[in-house]
Amino acid sequence: MHIALSIRNLSKEYTNFGGSSRVVSNLTLSVADGEVFGFLGPNGAGKTTTIKMIVGLAFPTRGTIEIFGQHAHSRAVRARVGFMSENPYFYSYLTAGEFMRFSASLLNIPPKMAKDRAQSLLAMVGLREVADRQIRTFSKGMNQRLGFAQALLGDPDIIFLDEPLDGLDPLGRVDFKRMMQALKKEGKTIFFNSHILSDVQELCDSVGIIHKGKLLEVGPLRRLLSARESLEEHFIRIVGAKR
Amino acid sequence: MKAAIAIALNTFRESIRDRLLYAILFFGLLLMGATVLLGSISLDQDVKVIKDLGLAGIFIVNFLIILSVGTNLVSKEIDRKSIYAVLTKPIERSTFIIGKFIGLGATLFVTTVMMSAVFVAVLLAKNAGLPPLIFVALAFTYLELLFLVAIALMFSTFTAPVASALYTLAFFLIGHSMTSLTRFGEQAGPFVKGLIAVVSHVLPNLEKFNIKNQVVYDVAVSGPQSIWTVVYAGAYITVLIMIATNILRRQEF
Amino acid sequence: MPRRVVIWLIALGIFALTVVSQININGINTARAVKRSAGINTYNEPYVLPEIVLASGALGFKNLAADYYWLSLIQYFGAGDPLGAYRQLSALLGAITQLDPKFAYPYTFGLLILPDQGFVDEAIARGEQGLKEVPQSWEVPYYLGYVQYRYKKDLIKAGEAFERAAQSPDAPAAAKILAGINFARAGQRETAIAIWRVAAESSTNEYTRQRAKEYLEHYAIIEFYEEQAKVFKARYGRFPNTLDKLKTGGLIRDFPSDPVHIELTVDPKTGSVSEVLD
């Protein structure tokens, strides 16, 4: 089994006037290649901070992060990574098509291929008809879809999604789940945060539960959950016990 | 380099489509036209007034663009998190900064050319002739604007837009006060004189780009002076970009 | 009528009310201004910043700042000062020439205007500054010569200034002549008329030409009065002791309008008419 993501003793501390606060504490987990991993936790648990450290938007205080055996922040690795942030927001005065082509140029995709890929991804996420509209006219759901499309532009091997289903209507969630399942079938590794545990249970192979920066549990879903317990019940039990 | 050009093109597109830019540019074009009106009440000194106001107006309007658009270059992207989609791509943070600089520089080039076209048209309509020195003055003005872009960009990496605008304005004021500062220093004691000498060489001296006042009287700029001015601008802008890159490299989001 | 149209009509009506209000306010202010006594001064003189502030405050826009003061000066002088004193004239010209020393016309303008307002020394100071800063100008030394001659009665300095003007290739031929006249200590009025005739014919500046014509008319009026004074003497056996006597004596119906507005007086002993200079 190949390891796509390896996190070892990851910690993150923020220093401020009052002292310091540790938002992630000694986090250790691995995600196998081709796995869909759900990273769960209550608000402020450290989920987004962890994802940011993985994709290079924040820097660990201690610990290591490797993707496909290499340092996570190297350029070679970042070319194989796709990322969608929570509540994504893009350039107001660009059209969706222009933004996709711009993102493709950052990935060194040749212009002709970039145009074709942008069109097909926008069609996949349901934004083909609005490809020539400026992003400032988009709704939250449309921004989510665009965020997802740009994360897939480089045909990444591993995709990080921060609350991808947040703010979507039920039909939007169905579409997203379908797309994620399609990516899973293609053998992509997916690491995502979510509050919607029913969706996580539907999509994920493994989960990790984090609370106040500490990893409480990690492993395959079928091992963590008993026959009678849903993921939501399990989550409430595990996290509730730590409060 | 391709990524930097892509970011530059993106920045150019974003700023060109910003309505605030059009408002400022409209005001600038109006100002160029108004030079004719002011010239007409200047007792036959209209050509001089048109040249002075035209050259100053081109600078002031573009400086307003820097204060409104330039100071938002990075901070707006951070606030809106649109920077996430860029920095997580396989590019260096320095590429992002360089791209932003080139992009706004390109925007200012377009606005400068537009206003210069109206300015030149007014001069030709007044049969004032078109001495080549006017274009040298415009080139130096553009160079000074690039300098200010680099300053605004640097502040934009770590402060809010309003603070960034104030700091950029402060540097503009300091940059044009260096000559006066040096003059005051000559009358001070050795310690203060030395301190002022150091400060005047470290802080930007924007008067070096200011040949507006002399070109009106056809006083030429020497070749060596021009070359050294370009070298000064290039070196200082490079240092400012490096500082901005260093700040952004350490930034967490 | 559609509701939108009604709303627009109401808005237009309210806007019309603002225009009417403004007209009425302006009318009231004008009426009140006329009723105000001469002692109450609500006139705002232009304010000139101190020299040290000007030196450091223009921030690379020295020429523009000079142009601003130049346009302010034109409005100030052109609109008229209800006090009649033009107290800020010299300060304004000082600011302009400090900010933009190469701006040639203010030196000439100062030499033309300042002396009549009582700023003779200031006019000479501006002129001498102009000699240094715009050495290529013939007009600055030319009008400096006139001021030295007419107001300071210093014919030597006037001659020197005219001679300096004559060295410029653009200067009129008369500059040399005037230099000679002054040095030869010629009659004052002849020199003055010669100077203004050159200015009226050859200046490239419209205002200068206009001013020169006004002075020529002024001297023509003086000569007219002197002619009438001779006629008065022939009729009454003596010269008039005031110019009013020319009117009461039936020699003139009315006093000609003098565009230069300098008070004239007649010498009852000689009948010569001269300007009353402060």
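For the reader, a short list of remarks on this structure follows.
Read from first to last, the chains carry the letters A, B and C; within each, the first residue is number 1.
Just so we're on the same page, contacts are C-beta pairs under 8 Å (C-beta built on N, C-alpha and C of every residue); 3 or more make two chains touch, one makes a residue touch a chain.
The structure displayed is predicted, hence computed values, not measured ones.
Of all the chains, the one whose CA centre sits at the greatest distance from that of chain C is A. The most central chain, judged by the distance from its Cα centroid to the centroid of all protein Cα atoms shown, is B. Taking the mean of the C-alpha atoms as each chain's centre, chain A and chain B sit 41 Å apart. Chain A and chain C, compared by their mean Cα positions, are separated by 80 Å. Chain B and chain C have centres, each the mean of its CA atoms, that are 42 Å apart. Residues 55-56, 59-64, 66-67, 70-71, 74-75, 100, 102-103, 105, 109, 205-207 of chain C touch chain B in their complex. Those residues of chain B lying in contact with chain C across their complex are 38, 41-45, 48-49, 52-53, 56, 172-173, 176-177, 180, 183, 206-207, 210, 212-213, 216-217.
Within the complex, the chain B residues that touch chain A are 2-3, 6-7, 9-10, 13-14, 17-18, 80-82, 84-92, 252-253. Across the complex, chain A meets chain B through its residues 52, 55-59, 75-76, 78-79, 81, 83, 85, 87-94, 98, 102-103, 105-108, 134, 147, 150, 154.
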